[in-house]
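Which chain is which? They are A, B and C, in the order written, and residues in each are numbered from 1.
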């Protein structure tokens, strides 16, 4: 964690206070307002109700799959078992998704942060044009990108490789990441870096020691969004890979079938949907405490 | 200042250069490796691209082949479950001239398009026992009187009906015509008010083309004539479409049925909400399930589709196997297709998956009939079935049919206008 | 890459005195170094397809069938015909309809999502027990893959689904009509409001507490604080979040495809039109649709950035000072 610790305060306003992470007050509305808790409840219900339906559908017995009762009684794990049946390769798909989405996130953050640093903190000509060029790449309809990429990967022999999925995911995630990180980095007062540079830090050091930790909530949020976007990518993954060993979870799920022709494997698909969602949520729960709370040096009390 | 801008531009130009060169090189190297068409000598490992193996039968067939052909191993490439996505993957591979897929499991309605675009190889007809194969399915692999795809599986619509309800209402045999069907419903509904009369697949997708064509054919009309010319704006076709349109108007067809694909309709039938249901054979096993998922187990039977006056005609479904033009080892591919479409393998396939074979004899096999009581009805259905328009631009044709048929069913257009518009569109698509 | 010069030509370099030109040239090449990996990847994976689609969109192909072999014959000419066809005849009606749907989807969903998202962020930005859990549950809709959430919604909205059960109604959601459009809006806002919520929350967390303390000293009301302080400070993050949501909705494809069906007029978007053409092998018209959509998105994005986001694009260092 050493590199995440803020540098010693170099001036006393406002840098010092923030950098030392003394306080970050989060309370804006009256703490005791009951409306506040009503608001929380409404939001949680709004977000979780459809997901709850997914969980319920996953836990129903296949024989009463289409019941509209609000509880899955009697519950069964048959749908989950069917999703993980060895002939599907779903577990392997989850691992592949993790590899692809994980690599995409790490690479996107590394090159996205460097690019955003340049765009937010350096003074050079053509900045507006560069930002415009970057965002322009996420204006093209995704479905029109598939065939040229497939052609390219076929020509250089990249079919059935991880990079064939990672690099397109990277390019879908980069524009959002760069723009967001740029916005977050720009929010930091410029005095911070200048003060650090007066203290003898190089611009890069100043950035790493001061700006990055302060922008941590933004960086972390960007990482989550990139990871999820890569985790959910489908049209490239289904086109550039045809060996089961490399297929991602989404592609595997699209191949689920019922026992008979036309029979739609709704329960298994819902079970798979729950399985691909829950790890993300747990990971975020675990990481956010460590990373966000760690970086902001115990801001929330 | 100039210098700096130039550097940024040169980075971009450089990258673009790399990209364009990559594309150009690859394109060049590819064209040389495409083998000459129509030769089936090369042997070696191949792949079979298909929707997923529902029962594990396919893998067992592959294992059987692979253990006997060490140097000609077949690898299964599982495509997404949805037919649209399967077709999309196959087209993408054809566009990029990729050799990833050797054998393609194609829907019968894709054959003309794939053959005309030169994506699949013409097959030697003498290598397949076409005389033992039902006529309808055998013709689906043909394009311009040449065989492009080996008949593999077939499918025909049947009328599922609630035998228990008909019996209770004193009706001894399933309806032979649409009028009978409506009359039977009245009798049954008199004592069972909540139950709906008839449904098929009326959602705006390929199933609507199937159901619309069936209605037209069952009323003595045609969508396209034998020479391939659209003739859908006829009095007979109007009677067919009117059956569906009036069905929705008078409540013979429940309102919900406009959202039915195969599975929604199956659920309604299994829940006991329908007296009559036009459906494929796959529903038989599922509706007979004894685990509580079906409320009609033992209470239903199947019959031939009814028509305007007498028996109706089904649309022909099914799948064929074709060889990609861009593949390697077409000799092994041909041999493997012969193996997979052989009569013994098709029999095993039917037993494991209940998907219908193309061999006439299998439908008369008493052992199989015991397991699948509907086989004689299905055979009659497939025998009389009408193929959907065999046109190169099938995608455009089916879109046009769905567009106007749906507009008629939902009351947006009169049947006259719908058929007239459909005829115009089909004429411009098919071009005759 | 036609838009590279459309946004903000920076004007600041001369206004920053006191730095030797040598150092500034160094900064510029340093910036180029930092930016080049990102730009290279984007050029490779997106730039190349855009260029090839542009080329394709100008090729008008006339298909025929050889009367002897049945094989398709192509004759291609370089022309504007694909673009002209979009605005002519039957396709013009389809285009107008898809354009209308795309636009109304974008306006309505983005407004709803932004409102819900900002509310979510404000609620979450408070210290309370279980905040992590609440934040994780807000992530759930965003984390479910679109294809699966579209499927989930299709079953919720099916004729005998739970939506009709709860509403005690019998609405045929997936048939043509306003209800299909509404179903897509409901499913889309549910899925993507968390995206805005999370980003605004991150923006809120970066605001130094001192700012609020100062507001408190001034005796500013909560509402006033929100409008005068909170909103302007989270604006950079919010603007980017909304911008990228707009780009996504304008290109929306799989939700109407799975939830309602690809052929339904009520929910057909420009992306779906391009897809339908592509899957029927009309590659030229599909590329033309894609290009028109690309241009439309670019115009919307440009107008949006001009209107709200000048401080994001930045006029050199220290735009905030």
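Here, a contact is a pair of C-beta atoms (placed from the backbone, for glycine too) under 8 Å apart; a residue touches a chain by one contact, two chains touch by 3 or more.
Quick caveat: nothing in here was measured; it's all calculated off a predicted structure.
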Comparison of A-B and A-C by number of C-beta pairs in contact, larger one: A-C
Farthest-lying chain, centroid of Cα atoms versus that of chain C: B
Cα-centroid distance, chain B relative to chain C, in whole angstrom: 36
Euclidean distance of C-alpha centroids - chain A vs chain B, Å: 39
Centroid distance [mean C-alpha coordinates] between chain C and chain A, Å: 17
Residues within chain A bordering two or more other chains: 66, 124-126, 130, 133, 147, 152, 254
Set of chain C residues in contact with two or more other chains: 1, 13, 28, 32, 35, 39, 44, 47-48, 52, 160
Chain B residues counted as touching two or more neighbouring chains: 1, 4, 8, 12, 23, 267
In the complex with chain B, residue positions of chain A that touch it: 62-66, 87, 124-126, 130, 133, 146-147, 150-152, 154-156, 159, 238-239, 242-244, 251, 254-265
In the complex, chain C residues that touch chain A: 1-10, 12-13, 16, 24, 27-28, 30-32, 34-35, 37-39, 41-42, 44-50, 52-53, 116, 119-120, 122-123, 125-128, 131-149, 151-153, 155-156, 160-162, 165, 190, 194-195, 198-199, 201-206, 208-210, 212-213, 222, 225-226, 230, 233, 236-237, 239-241, 243-244, 247, 250-251, 253-254, 270-271, 274-275, 278, 286-287, 290, 293-294, 297-298, 301, 311-321
Touch list for chain C against partner chain B, complex: 1, 13, 25, 28-29, 32, 35-36, 39-40, 43-44, 47-48, 51-52, 63, 65, 69-72, 158-160, 170, 172, 174-176, 261-264, 276, 279-281
Chain B to chain C touching residues, read off their complex: 1, 3-4, 7-8, 11-12, 15-16, 18-20, 23, 84, 87-88, 91, 112-113, 115-118, 143-144, 146, 203-205, 255-256, 258-259, 264, 267-268, 392-393, 395-396, 399, 402-403, 406, 410, 412, 431
Residues of chain B defined as touching chain A within the complex: 1, 4-5, 8, 12, 22-23, 25-27, 29-30, 47, 49, 51-56, 59, 77-82, 85, 89, 92-93, 95-98, 100-101, 155, 262-263, 266-267, 280, 282, 285-286, 289, 291-293, 353-355
